[in-house]
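So, here come the structures, one by one.
Shared between the two complexes below is chain A, which has chain B as its partner in the first and chain C in the second.
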Partner chain A sequence: MIKEAINYLSSPVYSFTAFIVLFVIALRRIDIVGTKKFGLGLLIGTLVIFGWMISDPVFFTVISLPDNIPIIILNGLVFWSTWYSLYKGHQNDLRIAAGEPPIEGTPENREKVWAWPNLVYIELLCGILCTIFLIAWAIFFKAPLEEPANPTWAPNPAKAPWYFLGLQEMLVYFDPWMAGVVLPGLILVGLIAIPFIDVNPKGNGYYTFKERKFAITGFLFGWLALWIFLIQVGTFLRGPNWTFYGPFEYWDAHKVVAENNINLSEIMWIKLFNVGLPKNIFVREIFGLLATFGYMFGLLPLIYKKWGKSYMPRMGAIRYYIMIFLILGMMSLPIKMYLRWFFNLKYVLAMPEFELNL
Partner chain B sequence: MSDEAKTSLNRREFFSFLAVGWITFGAAAAGMASLVFRFLYPNVVFEPAMDFIAGFPDDYPDGVDERWKNGFGVWIYKKDGRLVAMSNICTHLGCIPTWLPAESKFKCPCHGSGYYPNGINFEGPAPRPLERYKISRNTEGKIIVDKTKVFRYEKGEWSNADSYIEV
Partner chain C sequence: MSEGFAKKVANTQVWKAIFRHGPPNNARNRAAVIAGNVFLHLHPIKLKKSGVQLGYTWCMGGLTFFVFLALTVTGVLLMFYYRPTAEYAFTDIIGLREHVPLGIMRELHRWGAHLMVITVWIHMFRVFMTGSYKPPREFNWGVGVILLVLTMLLSFTGYLLPWDQLAIWAITVGSNMAKATPFAGAGGPGAALAKIGDFVMVSDKNDVRFQLLGGRFVGEAALLRFYILHCVFIPLVVAVLIAVHFWRVRKDGGISAPL
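Up next, the complex of A and B:
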C-alpha cells in the first residue's frame, strides 16, 4: 500500500515538483537546515528509510546493479557536502550578524602553515586511500561486461554511463541538438564563465549563505534539481524502453504507457483552430517561433523590472545579459519538462526539415 | 674580404637552402599526416553491405518483418499492397529501437521514442519518422534494398516511386 503510493508519487511530475518545493523550503529555512541537529536527523532518517526500501527485492535488484553503486556513493557525498557547506555558511551568518568575523577570518585561522609537509602529507594519504578504495571496489564488484557490440542491436534499456544519465534523461524532453550539444555546451561555458560574471567579492575565502543567496540558490538549483535529480530518475526509475518504473515496481518490459506527444503547431492549428497544418513551414511554426523569441527576448523587460534594476548597475550590462541568457537557458529544461508532462508537448518549434527542434 | 665571402652564404644561396629545407620539411610532414589519415580508416570493415537481395515479395506476410534486422539493419514492412524497407535507426539519437509485436509498435530503448509499424513517430522525443531505403526488383523479381539512398517523410519523399514496390 505504502509502496504503491511511493511508486505513484515517484513519477517525475510529482517527485520533481516535490524536490523543488523541498529545495526552496530548505533554502528558506536555513536556520533549521544549517544546524547539526537537522543534519543528524536527516542522516538517521535517510538511513532508516533506505534500510526499509532495500528490504524490498525489486528495489534491491535495481540498486545493486554494478552500474548503480556509484550513484549511491554519489548521493551520500552530494548530500553531505551540500549540508556541510550550508551548515558552515549558517554558522558564519550568525557570527556576522553578531558583529564577529567569519570563522575563517579569526586570527588563529588566518595563521599560515607550510605546504610541505602539512598539505603534501594529506594529499599523499588521500591518494593512497583512494587507490585502496578503487582496488577493493574493482575486486568486489565486477565490471558489467556484455557480449561484443552489434551495430544492429541495442540493449534494453540502453543506459549511458552513470554520470551522463542526467543528460540522457534531459534528452527525453529535447531534440538531440538541444540536449546533446547546445545545453551541455551552455553548461560548460556557463560554469567557465561564472568567475568572470560573478564579481561580487562577498564569500571569498569563507562560507556564507545570507550574503550570496541568489548565487548559491541558482547554482544549487542547476546542480541538485537539474543534474543530480535527473541522474536519480535516469538510474533508478527508468527501465526497459526508457519507460518510467516506480522504485518498487518490477521492470516488466511489456508495461504499456500511452505517451503520444504532439508538437505545438499541431496543438494550435489542428486542435485549436481546427484547420490542417499550413504547407509553409514558417507559417506552420509561427507559434513556436513567437514562443521561442518571446521567451528569450520578450521576458527581458519583466526580468529587468524585477531583478535587473539592482543587478545591472552592480554587474555591468554585458555581464548582466550573459547571466540572464544562461539562466533562461537553464530554466528552459524544467519548463519543457512540465510542458511535456501537462500538455504532451513534443516540440515547441518543430522543423525536422532543418534538423531544428526546440 | 674574399675569404669571408667563401665561408658564409650570400643572400641567394641562403634562400635556396631555406627553400629546400622547407620543402623537405613540408613533404615529410605531409607524408606523416597522410599516414595518420590512413591510420584512421580500418583495414577491414565488418559492416554489412549497403545493398542486398531480400528474396521475393511473396515471402513476406503483411506487417513488420524482422529477418534482415540483425544482418543489415532493415525492417521490411508490407501493408496495402506496398512493401517498404525501413531503417532501424531511431531518428532521435541513432539508437536501435525494438519491435514490440504485442503492442504493435517500435520502441527505442534509449529515450523511449515510439513508432507505428509504418515508421511514423508518435511517442517520446523522436522528431521525425524512421527513414526508408531505396527498394526495387531485379529481373528475377527479387527485392533489392539499397541503403545508400534514403527517403524522408518530412520532405515528402515517401511518395517517390523508388521508396516502395507494389506487390
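Up next, the complex of A and C:
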C-alpha cells in the first residue's frame, strides 16, 4: 500500500514538483537547514528510509547493479556537501552579522603554516584512505561484463553511462539537438561564464549564503534539480522503452503507457480554431514561433522591470543580457517538462522539414 | 638505537645524494624539502591555515588528481593485456578476468573512473560554494570546467573498450546525439539546407558523428578511435591542463581565502 503510493508519487510530475517545493523552503529557512541538528536528522532519516527501501527485492535488484554503486556514493556526497556548505555558510553569516570575520578569516586561520607537515600529511592521509576505499570497492564489486558486443540486438533500455543519464532523460522532453548538443553546450559555456557574470565581490574565499543568495540559489537549482535529480530519474525510474517505473515496480517490458502528445500547432489550429493545419509551415507554426521568440525576447522588458533595474547598473548591459539568456536557456527545461505533463505538449515549434523541433 | 640508526642512514653518501637536506624538523629544512623536490614543489612552502583545513577544501581537488594518477597506473597495466580490435577486445577482457588470479586492476580502473567523475563534480561544487572562482581566479575556473568535461569524455571513451553489449549500446546512445548537431550532424536542424543542387553536403557519411566513430555505426573503427582518444589523446590534453590548473592555483594566490 505504502509502496504503491510511493510508486505513484515518484512519477516525475509529483517528485520533481515536491523536490522544487522542498528546495525553495529549504533555502528560505537556512537558519533551520544550516544547523547540526537538522543535518543529523536528515542523515538518520535518509538512512532509515534507504534501509527500508533496499529491503524491497525489486528496488534492490536495480540499486545493486555494479554500475549503480557510484550513483549511491555520489548521492551520499551530494547530500553531505550540500548540507555542509550551507551549514558552514550559515555559521559564517551569523559571525558576519555579529561583526566578526568569517571563520576562514580569523587571525588564527590567516596565520601561515608550513606545507610540511601540515599540508603534505593531510594529502598523504587522504591518498591512503582513498586507496583503501578503492581497493575494498574493487574486491567486493566485480566490474560488470555483459554479452559480447552485438550490433544487431539492442538491449532495452539502452542507457548511456550514469553521468550522462540526466542528458538522456532530457531526451524525453527535447529532441537530441537540444538535449544532446545545445543544452550541454549552454551548461559548458554558462559554467565558464559564471565568474565574468557574477560581479558580487563578497563571498570570495569563504562559505556564505546570505551574501550570495542569488548566485547560490541559481547554481544549486541547476545542480540539484536539473542535473542530479534527472540522473536519479534516468537511472532508477526508467525501464524498458524509457517508460517510467516506480522504485518498487517490476520492469515489465509490456507495460503500456497511453501517451498521446500533440504539437502546439495542432492544439491551436485543430482543437481551438477547428480548422485543418495550414499548408505553409510558417503559417502553421506561427504560434510556436511567437511562443519561442516571445520567450527569448518578449519577456525581456518584464524581467527588466522586475529585476533588471537593480541588476543592470551593477553588471553592465552585456553581462546582464548574457545572464538572462543563460537563465532562460536553463529554465526552458523545467518549463518544457511541465508543459508536457500538464498539456501533453510534444513540440512548441515543430518543423520536421528542417529537423527543427522545440 | 633506532635513532642512532636513522642518523647513520641519513649520514650515508647515498641518502645525501638523494635528499639534499636534513630531516624537516626546522624552518630551513621544511622550506628545503618542499622547494627541493620536483613533486612537492607544486605546494607553496607556507600557506594560510584556512587552506589546509579539510573542512574548507574537502581535499576533493587533490583526490581527483590522486585518482587520475591511479587511473594512469592501472590503465597502463591494462594496456599490456588488451588489443583494441573487434576480434580480440572482448576475449582479452575475459582473459583478464579468467586467467589473472585475484586480479582487480580492471575493477580499480573502472571504479576509479567513476570515482574521478564524482570527485571532480564535488570539487567544482566546493569551489563554487566558497566563491573561489571570483577574481583573480576566473581563468582557472574555466580551465577547471574544461577539465571536468574532459574527465567525463575520458570515462565515456573508456566505456566502449570492453566491447560488450553495455559498451556498444551506451556509446551508440551517446554518439547518436552527435548526429543531431545543428548544421554539422546529418539529422540536425539546418543540415538539410546545406545542399548544392542534388549534392548533399552533410550526410551520415561525413557528419560529426561519422568523424567521431570513423563509420556510420559503432564498429571496429570506433573502437580504435576511442582507444586512442582514451589512452593517448585525452590523457595528454588533461595532463597539460592539469599543469596549467596547478600553476594558476599558485599564481593566483594559492588556495582561496577571505581577501
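Convention: the second predicted complex is superposed on the first by the 343 of 358 C-alpha atoms of A that agree within 3 Å, B and C clash if a C-alpha of one lies under 4 Å from a C-alpha of the other, contacts with A are read in each partner's own complex, and residues count from 1 in each chain.
Everything below uses one rule, namely that a residue touches a chain if its C-beta (ideal position, glycine included) is under 8 Å from a C-beta of that chain, and two chains touch if they have at least 3 such contacts.
Worth saying up front: this structure is predicted, and the values here are computed from it rather than measured.
A.B. asks: For chain A, which side has the bigger count of touched residues, chain B or chain C?
C.D. replies: When the residues of chain A touched by each partner are counted, C comes out ahead.
A.B. asks: In the superposed arrangement, which partner chain does A:Leu74 touch: chain B (first), chain C (second), both, or neither?
C.D. replies: second
A.B. asks: Determine, under the contact definition given at the top, whether A:Gly203 touches first (chain B), second (chain C), both, or neither.
C.D. replies: Touch status of A:Gly203: second partner only.
A.B. asks: Looking at A:Trp116, would you say it contacts chain B, chain C, both, or neither? Reply first, second, both or neither.
C.D. replies: second
A.B. asks: Between chain B (first) and chain C (second), which, if any, makes contact with A:Thr46: first, second, both or neither?
C.D. replies: Once the two structures are laid over each other on A, A:Thr46 reaches no partner at all.
A.B. asks: Touch test for A:Ile139: chain B only (first), chain C only (second), both, or neither?
C.D. replies: second
A.B. asks: Which of the two partners, first being chain B and second being chain C, lies in contact with A:Ala158: first, second, both, or neither?
C.D. replies: The answer is both, since A:Ala158 touches chain B and chain C.
A.B. asks: With both complexes superposed on chain A, which partner does A:Thr61 reach: first (chain B), second (chain C), both or neither?
C.D. replies: neither
A.B. asks: Residues of chain A that sit at the chain B interface in one complex and at the chain C interface in the other, please.
C.D. replies: 150-151, 153-155, 158, 168, 175-176, 180, 353.
A.B. asks: Enumerate the contact residues on chain B facing chain A in the complex.
C.D. replies: Against chain A, chain B makes touches at 47-48, 69-73, 88, 91-93, 95-98, 100, 102-103, 107-112, 114, 122-125, 127-128, 154-155.
A.B. asks: Which positions of chain A touch chain B when the two form their complex?
C.D. replies: Answer in residue numbers: 150-158, 168, 171-176, 180, 240-243, 254, 256, 259-261, 346-347, 350, 352-353, 357.
A.B. asks: Would you pull the chain A residues touching chain C in the complex into a rising list?
C.D. replies: Residue list for chain A touching chain C: 67, 69-70, 73-74, 77-78, 81-82, 85, 88-89, 101-105, 108-120, 122-123, 126-127, 130-131, 134-135, 137-139, 141-151, 153-155, 158-164, 167-168, 175-177, 179-182, 188, 191-192, 194-196, 198, 200-208, 212, 216, 219, 223, 353-356.
A.B. asks: Any idea which chain C residues touch chain A in the complex?
C.D. replies: 24, 27, 30, 33-34, 40, 43-56, 58-59, 62-63, 66-67, 70, 86, 90, 93-94, 97, 104, 106-112, 114-115, 117-118, 121-122, 125-126, 128-135, 137-138, 141-142, 145-146, 149, 152, 155-156, 159, 162-170, 172-174, 176-182, 185, 187-193, 217-219, 256-259
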